[in-house]
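Letters A, B, C and D name the chains as they come in the text, with residue numbers starting at 1 for each one.
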Amino acid sequence: MAAASNFYSIVAGVGAGTGRSVAIKFAQTYPVALLARNPANYESIVKEINAAGGKAIGISTDVSSESSMKNAFAEIQKEFKGKNLAAAVYNVGGKFVRKPFLELSLEEYEAGYEANGKGFFLFAQAVLPGLLSSVPTSPHPPSLIITGATASLRGGANMSSFASGKFALRATGQSLAREFGPQGVHVAHAIIDGVIDIPRTKDWPVNGGVEGGKISADAIADSYWYLHTQPRSHFTQELDVRPYVEKF
Amino acid sequence: MAAASNFYSIVAGVGAGTGRSVAIKFAQTYPVALLARNPANYESIVKEINAAGGKAIGISTDVSSESSMKNAFAEIQKEFKGKNLAAAVYNVGGKFVRKPFLELSLEEYEAGYEANGKGFFLFAQAVLPGLLSSVPTSPHPPSLIITGATASLRGGANMSSFASGKFALRATGQSLAREFGPQGVHVAHAIIDGVIDIPRTKDWPVNGGVEGGKISADAIADSYWYLHTQPRSHFTQELDVRPYVEKF
Amino acid sequence: MAAASNFYSIVAGVGAGTGRSVAIKFAQTYPVALLARNPANYESIVKEINAAGGKAIGISTDVSSESSMKNAFAEIQKEFKGKNLAAAVYNVGGKFVRKPFLELSLEEYEAGYEANGKGFFLFAQAVLPGLLSSVPTSPHPPSLIITGATASLRGGANMSSFASGKFALRATGQSLAREFGPQGVHVAHAIIDGVIDIPRTKDWPVNGGVEGGKISADAIADSYWYLHTQPRSHFTQELDVRPYVEKF
Amino acid sequence: MAAASNFYSIVAGVGAGTGRSVAIKFAQTYPVALLARNPANYESIVKEINAAGGKAIGISTDVSSESSMKNAFAEIQKEFKGKNLAAAVYNVGGKFVRKPFLELSLEEYEAGYEANGKGFFLFAQAVLPGLLSSVPTSPHPPSLIITGATASLRGGANMSSFASGKFALRATGQSLAREFGPQGVHVAHAIIDGVIDIPRTKDWPVNGGVEGGKISADAIADSYWYLHTQPRSHFTQELDVRPYVEKF
């Protein structure tokens, strides 16, 4: 754990799965700010990191609210004054709605975009100036890493809410990769194609319940760290991950 | 022109280009309702169709407003009482914003989604019940045809607003194709990859100004009609179109 | 049927399905040369077209043999002396091998490429000079239309032979579209995603045996004719087709 | 370097770039067999690895020749008797032909497939039994890693030879991923989208000659090692890599 780094990192969308593993992974090198709507989602992680000699703060944030995001980033700037931003991870799932199209309310349909379109826009605008200013000094290229899903590539029946949000997220991520890559910021998009192995999915009968049939959140964290440490002569924009037994 | 059909059609997003050509094409077989925010965008087309012995109405509509859409479809239902819906075309471009990401306001970013995400959601929810009920009787499979763009497949630098909207539109279109295709409704998505040859683009120096270097709006209308007339044993979900000289 | 046109067409890969329907469709406008390895595959079609007042010839050809192709095109040139080539369709399926990878012989693996890589190369080299020389005079842009499959986009388990051939075919088709499109030749690729409704598949339990659950070969022919008649300001490079009930 | 491992690795397609870096990277953990047509391509690498305390052998091999491959694998089996295969990398570029389609000889067109279709088929059939038998014991999931290119996804003008080979390679790789993934073998495909920084490309004016404008071969080797060490609950099938300044 590395409380004393000159750099820090931010993870938006923290809970018991990918966000937790990513936070702990990045906290080994950088102090980390964790954003989640519900403090219960980050409190134990913040404790865990700080207890292990790292540095973490948690901020209750609604990523799709301009004012909430403004407050969160003001707090981050205060807490990490004098440090530069090395990595930002957008791992917001949002409300997952799966139902027949004609039964969707507008609010349900928009939930996908709120979390993955609007929320990512606000997050990216907040972190990119910091990432850009770290380009000359950061040990690894400053990185903006985005969590996608199967639905980033495919709109399925009853999936228009989630898929429209994830497609919008991918579109924006690609746009940023093409705009900010040449400026030295690494924008990468990971397509998480499978169920993540977390407490909530413990009893889900995924892939016949076989060992390794759900994605290890720690392995996702390793992949995000690997992406972050790629040199700028070798940026990955997109990669997929799935369990070895997953149909695709 | 066919004022007396038992079926009717709707075109959302009408102006001097694709919308006009599509309206005139479909009006040869079905009465048609034209939606555009600005009446100036449909008035001359409505006159042209009615003068030629067809039947058209225009309704000033903001597709991203629930109440405006509710009013529009109430008027359509009144005007075409007793007729069934054979085809609906979503051709809304929306406000096209192209600027560096950090200069975008939230409102500008969201303009893409407003037109192509939210607007299409409202449109699709309004037309699908009518299309479904026409399945047993419609001369061709009832069709929902969607206008996409280069940015439906690729997020370019400075293009996050438009691309996120067009990606969301494609995601929703795919979801609907997979949900409503098996129920007999044809949902098709056209990727219009190039500049359309309309008065506004007359002097644009596209593809060296060569003849045929801009896409004929009438040819797009022909392709939409071709899509509409495909039998249900042979549905195209997606096709691209571009001028012969277009780089891609 | 049009025996007297100044233009002619060629269809490679003729049998009871797509090839037959395409031949009959194009023969309504152009004399047509049909290529198939086995004369039984074209003889009845040739008779049918000629009896209906059209003009067709059949040539026993192995598309993956340089000498066989040379002979075939010499004969075509002799038969259609003075006419120009308006359309060429490559509809060769080849030997379909589906088995576990470690059980494939090299010959079986290569069957996919022989038919769809090498065969298409020989065909395209033979037809492109004729198509190019028709650009100024042809009523529609001279067209090279290619039959792809689900496996053009996706390599499935046990499918490496067929998929590698269809991927190679798509790669070559794209290369030609980008090289010859700007010269006025329309190169289009159709992804036929489903089982075609032909005598051989009559009893296949596809999509629950529902009416329209297999693709109409006549509808494919209509789509190829539609592609051929697109103006050069509006070329489709790729479209998919599938039955309304097909999972995708 | 690790001469004493119970496992070994194979790299096909070794020269001054990716192959060399990959060989040296994997040799830190496993003895490695290097295949190249020209011994000059591997001799110095073999010396370098052995001098550093690792274990490497080189075998002059034509990957598209059945008999040459049979000889090579017999020699590998003899040399690494008692060891199990942990990783196999297919990095064969083949003869790169870029010329107008109508100027290509059949042999030139087929060069792409020979190297990337047929050659990979022979390689994969030779290594998969060994990879499968290592599943229960290998420290990381046994891996088959494939080098793709920009042309794996896009057929460009004048590129039909190379693109048809790289498309076929990707098709076969996907087929194998879907067949052997569930059996525990990790099949991964890397799209190398840019010029690699090797002696031969030293003076190429790529991306304005900017530092980092060509891909570091060592970074590719790191990515292949990262892919190899992914746990089976988290397999990446495909990732892209390119310099930060590369247009895409």
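The definition used in the following text is that a residue touches a chain if its C-beta (ideal position, glycine included) is under 8 Å from a C-beta of that chain, and two chains touch if they have at least 3 such contacts.
A quick map from chain label to UniProt name: A, B, C, D = Short chain dehydrogenase.
Keep in mind the model is a prediction, meaning the values are calculated, not measured.
Enquirer: Which chains are shared contacts of subunit A (Short chain dehydrogenase) and subunit C (Short chain dehydrogenase)?
Expert: Touching subunit A (Short chain dehydrogenase) and subunit C (Short chain dehydrogenase) alike, sorted by label: B, D.
Enquirer: Between subunit B (Short chain dehydrogenase) and subunit A (Short chain dehydrogenase), is it the same set of residue numbers doing the touching on each side, over half shared, or a different set?
Expert: same
Enquirer: Consider the two chain pairs B-C and C-D; indicate the one with the greater count of contacting C-beta pairs.
Expert: Taking the two pairs in turn, the one with more contacts turns out to be C-D.
Enquirer: How many angstrom lie between the CA centroids of subunit B (Short chain dehydrogenase) and subunit D (Short chain dehydrogenase), rounded to a whole number?
Expert: Each chain reduced to its C-alpha mean, subunit B (Short chain dehydrogenase) and subunit D (Short chain dehydrogenase) end up 46 Å apart.
Enquirer: Rounded to the nearest whole Å, what is the centre-to-centre distance of subunit C (Short chain dehydrogenase) and subunit D (Short chain dehydrogenase), using the mean of the C-alpha atoms as each centre?
Expert: So the centroids are 35 Å from each other.
Enquirer: Need the CA-centroid distance for the pair subunit B (Short chain dehydrogenase) / subunit C (Short chain dehydrogenase), whole Å please.
Expert: 32
Enquirer: If a residue has to touch 2 or more other chains to count, which residues of subunit D (Short chain dehydrogenase) qualify?
Expert: 178
Enquirer: Taking chains as nodes and touches as edges, what kind of graph is this: line, ring, star, complete or other?
Expert: Topology of the interface graph: a ring, with each chain touching two neighbours.
Enquirer: In the complex of these two chains, what residues of subunit C (Short chain dehydrogenase) are touching subunit B (Short chain dehydrogenase)?
Expert: Subunit C (Short chain dehydrogenase) reaches subunit B (Short chain dehydrogenase) through residues 141, 178, 181-182, 184, 186, 197, 212-216, 219-220, 222-223, 226, 230-246, 248.
Enquirer: Please name which positions on subunit A (Short chain dehydrogenase) make contact with subunit B (Short chain dehydrogenase) in the complex.
Expert: So the residues of subunit A (Short chain dehydrogenase) in touch with subunit B (Short chain dehydrogenase) come to 66, 100-102, 104, 106, 109-110, 113, 117-118, 121-122, 124-125, 128-129, 151, 154-160, 163-180.
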